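As written, the chain order gives the labels A, B, C and D, with residue 1 at the start of each chain.
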Amino acid sequence: MSATVRDVPITAAAIRGEFPLLTNTAGGDRPLIYLDTGATAQKPQAVIDKITECYEHFNANVHRGVHPLHERITAELEASRKKIAAFLNTRPLDELDLLDDVSEIIFTSGTTMGINLVAQSWGRQFLKPGDEILLNPLEHHANIVPWQMIAAATGAKIVWCPLTADGRFDLDQFDKLLSRRTKMVAVTAMSNVLGTLPPVGEIVRRAHAVGAKVLIDAAQSAPHAPIDVQAWDADFAVFSGHKLYGPTGIGVLYGKLELLDEMGPFLGGGNMIDEVFDDHSTYKRPPFKFEAGTLPIAEAIALGTAIDCVQAWGWDVIHRQEQALLEACHERLEVIPGVTIYGPSVAHKGAIVSFTVEGIPAHDLGTSLAQRGIAVRASHHCAKPLHKCLGVDATTRASFAAYNTLAEVDALAEAIVNTQQMFFRRRG
Amino acid sequence: MSDRLDDIYDDHILDHFESPYHKGHLPCPSCAHSERNPICGDQLTLELQIADGKVQQAFFDGKGCAISQAAASMLCEHVEGRAVEELRNMPAKQMLDILNVPLTPSRQKCGLLGFKVLKTMLYSLDEPPAEPAK
Amino acid sequence: MSATVRDVPITAAAIRGEFPLLTNTAGGDRPLIYLDTGATAQKPQAVIDKITECYEHFNANVHRGVHPLHERITAELEASRKKIAAFLNTRPLDELDLLDDVSEIIFTSGTTMGINLVAQSWGRQFLKPGDEILLNPLEHHANIVPWQMIAAATGAKIVWCPLTADGRFDLDQFDKLLSRRTKMVAVTAMSNVLGTLPPVGEIVRRAHAVGAKVLIDAAQSAPHAPIDVQAWDADFAVFSGHKLYGPTGIGVLYGKLELLDEMGPFLGGGNMIDEVFDDHSTYKRPPFKFEAGTLPIAEAIALGTAIDCVQAWGWDVIHRQEQALLEACHERLEVIPGVTIYGPSVAHKGAIVSFTVEGIPAHDLGTSLAQRGIAVRASHHCAKPLHKCLGVDATTRASFAAYNTLAEVDALAEAIVNTQQMFFRRRG
Amino acid sequence: MSDRLDDIYDDHILDHFESPYHKGHLPCPSCAHSERNPICGDQLTLELQIADGKVQQAFFDGKGCAISQAAASMLCEHVEGRAVEELRNMPAKQMLDILNVPLTPSRQKCGLLGFKVLKTMLYSLDEPPAEPAK
């Protein structure tokens, strides 16, 4: 099992060994070079095995029965919730809240769902015409469109905080735009295109000074660095299981209990009600108020296993390997003529490298890299406003995890050069 | 996990379920509070007569499973004559010890329903004693 | 593999053999008697294996890349969508819609999510003060609370259509309540408590006659009988994967294309947008408009496998076995003194038996049955309005699938009698 | 599934990408229509000059990947001189045959973008020819 405590730090090579897909050869005889972790991470064997175990050994619905099967699945789910709470460093709850099974950890179907939940439940209740929601161009569509929708519904306004020239979060501009009208600042902890790492704690501090709430989109940062909701003092934080080496179909919303208690529900249905009358219902406390219907049960449990894995690997090892990959990638790509890398320097970003190659449309570059066994993503990466700032329609993105190797970075650089030779073969 | 649940309906539990202690209402309670176990629908009201920092009398009313109702009955017996301060510090474990039958986590919720009502009530009592001369 | 065509019809015993959990002994040395399929179904090996295959052989995000891995996962997902469309007997689409990848099948996280989607997206657009939403007490909270919420938001009104004395849908009452004010009829195809089978096609016909739309909650019926959206002429239909032998975290919303095209989106985020501007966005066509963010990918694919299984077993075999179980259960329980079975006679219901035993609270009965190895559910079954009609707080429910055996029905009856002996041991 | 994609950037595709046929605009087209491939952002406008039930001239404009742009260029070549009725019945497969390179499903979307624009335009032409004498 991967999730046990080790005396000696694990190596990146050993981490890689835990991922069955990376040792398979997908789509032919070439080994897979997976540089698309930013879209979704590969899954360690322990996570896959946990899903199988759920379905083969204790599959039942949760919070609903008294058979040992029911008791077991509910215990597994709630153990996962506690693991996640510890992973996010949530504060301890008091005795009465614990007796009520209250938690600040809400299971969702993913980051997108979590942000929509906050935008709708918190937004409909607290946003008025003239209120401002502060966004910046680093945001993924998941952290833009829900705010546009609730702004349209409530009369609130979207305000955009421009970036620095090198694609970093601009605290000076932020200060200028913050005001008593600012009610929500929604910000990513890591750009899924540029790798930019906005100073989340500082953003929260300044936003709170004007009375605004802050939602942190940790979807992209979660696999790369700790989330500490107490240190950040975040009001809300969201991430997806599938990017954190866990299954698809599961995500997490953290919210401060007092905020969650104030908010109305998002989805209506089973398990979230206290009482159902003919024309209205009353609701349970968080997390259940926000967990209508049958949860992604096996997925939530296996997400706990993914977190066990990350903690067994350790942030140190993860960070060191990813940093090495990032530096190597910048070094190798910067010397290729025609290649432009977007965003801040290596010192100010996480393990994502988005680039264009002059004369080769991103989509064609993606296909050519695929021909050479390399999986990257070539598109607007669900960040159209950012690409408008960059002045390009699409970029090609290589995103790394600790399971990647330096040899894979070399292969990427070589494949780019080969693609140029192929594409421009008829030129002088 | 074991399924040795056979002992949970022992005579003690069934006695309290069928002939509960102080089921009913106090004429003028110092405090009263109701809660429900939203999963199984158990309902419970607890009423306390408090004087000199002590619970003088405790009554409960409610409906639901044998565990929740027997536990409430036992809890009423237990709290009478005890200091509010002592009860405020009573841990959940002690309530489960009073029940003294092996409850699975979901049935513990039934066993602790009365305890939860008691705790909620005692915590909300906090303010009055703090400002006695108003 | 279970999903291949057979010459000889499969037997119920062979179906049972496909479910690993039913051959395990959960929670001790007693074999598991699983009579809680109404809460969630057990999973055949083929479904579990498909999830593993996804994660071990072609895990990637969908609709986003050009590597063979991306192509494969997208092809698997879209193949599953087509299987579901065929399973629901949706109508063929025209050439342009096909070129647009349009579909009437939307992946959701479950039934609850599907109903909330319709209530919010369709409801906010089309409900006005004074409009009526027609419900009946058979409905699950998932088909009540979302309508209460949108009624409160729009000024529409919930109207309740009473049941017949034996718990059937009352078409006469329905006719009386239908009017030009009726805008939505939300009705279950099978009660999750009484097993009642409302005459869905006839309900749609009468509702359409006054211009109302109809949403069919097929969550409970899906594993037991075909869904035919064309024969029903349903406007919307929803079900959950986990009740149809598939994984948790996945569900399906069917909607008529012209309705889906008219409706605004529900969740905002990646993949559902066409263009993102500073203050608003434009959206894709269905299904993508309603599929914001990363889908439950492995779950959607494995749901396709679950449907393969159901079709390999065949509705005939399923129906015959379930009917035998239902009849046996009624026969055995009706003769036990103190037992009351709720709802219509065997001829008018599916394989669900909800009952009370005089003097034994439902929750205690559930525990006692669990002691005897039997998993049932004892509660209000997320149907409080129905239990109010029945005049009881909770019932104990045995729900069957074709994998159950007549011996299990015998064990249930025996365990009830044993519980009575245990509970009343001190009485005369 | 094979990853033999090496042949997709053959000389024919690169020729059309680098020196497209009829890229630009018609002075007064009979009809024009634009679409985008929302996945990769390819953009394409097609303009047709129709007379006597035939496409007399076809121009395209747009930006995006080599496949979508080369395919549009080839499509313009293909449609000129052909009857509207014939084109209305043109199957997607024929467009892929014209391209004549092995496209994966996701790249077929690029290869068929121009074709989709053409079809949308031809279907919406339906009414005018049906009611000629207005």
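Note that in this section a contact is a pair of C-beta atoms (placed from the backbone, for glycine too) under 8 Å apart; a residue touches a chain by one contact, two chains touch by 3 or more.
None of the values given here were measured: they were computed from a predicted structure.
A separation of 44 Å divides the Cα centre of chain C from that of chain D.
Note: centroid distance chain B to chain D, computed from Cα atoms, is 76 Å. For the pair chain B and chain C, the distance between mean C-alpha positions equals 38 Å. The residues of chain B that reach two or more other chains are 1-3, 39, 104, 107, listed in rising order. In chain A, 27-28, 64-66, 68, 70-72, 273, 275, 363, 367, 370, 378-379 are the positions where the chain touches two or more neighbouring chains simultaneously. Viewed as a contact network, the protein chains fit none of the simple shapes, being neither a path, a ring, a star nor fully connected. Each chain pair that touches appears in this list: A-B, A-C, A-D, B-C, C-D. If you check the complex, the residues on chain A that touch chain D are 27-28, 30, 361-364, 367-368, 370-371, 373, 378-380, 393-394, 422-423, 426.
The touching residues of chain C, counted against chain A in their complex, run 20-21, 24, 26-28, 32, 34, 36, 39-40, 42-43, 47-48, 51-52, 55-61, 64-72, 109-113, 115-116, 119, 140-142, 144-146, 148-149, 151-152, 157-158, 160, 240, 242, 247-250, 265, 267-273, 275-276, 278-281, 292-299, 363, 366-367, 369-370, 374-379, 382, 384-385. Taken in their complex, chain A has these residues touching chain B: 63-66, 68, 70-72, 74-75, 95-96, 99-100, 273-275, 284. Contact residues of chain B toward chain C in the complex are 1-6, 8-9, 11, 14, 39-42, 63-67, 104, 107, 110. Residues of chain D touching chain C in their complex: 1-3, 36, 38-39, 92, 104-107, 112, 115-116, 119-120, 123.
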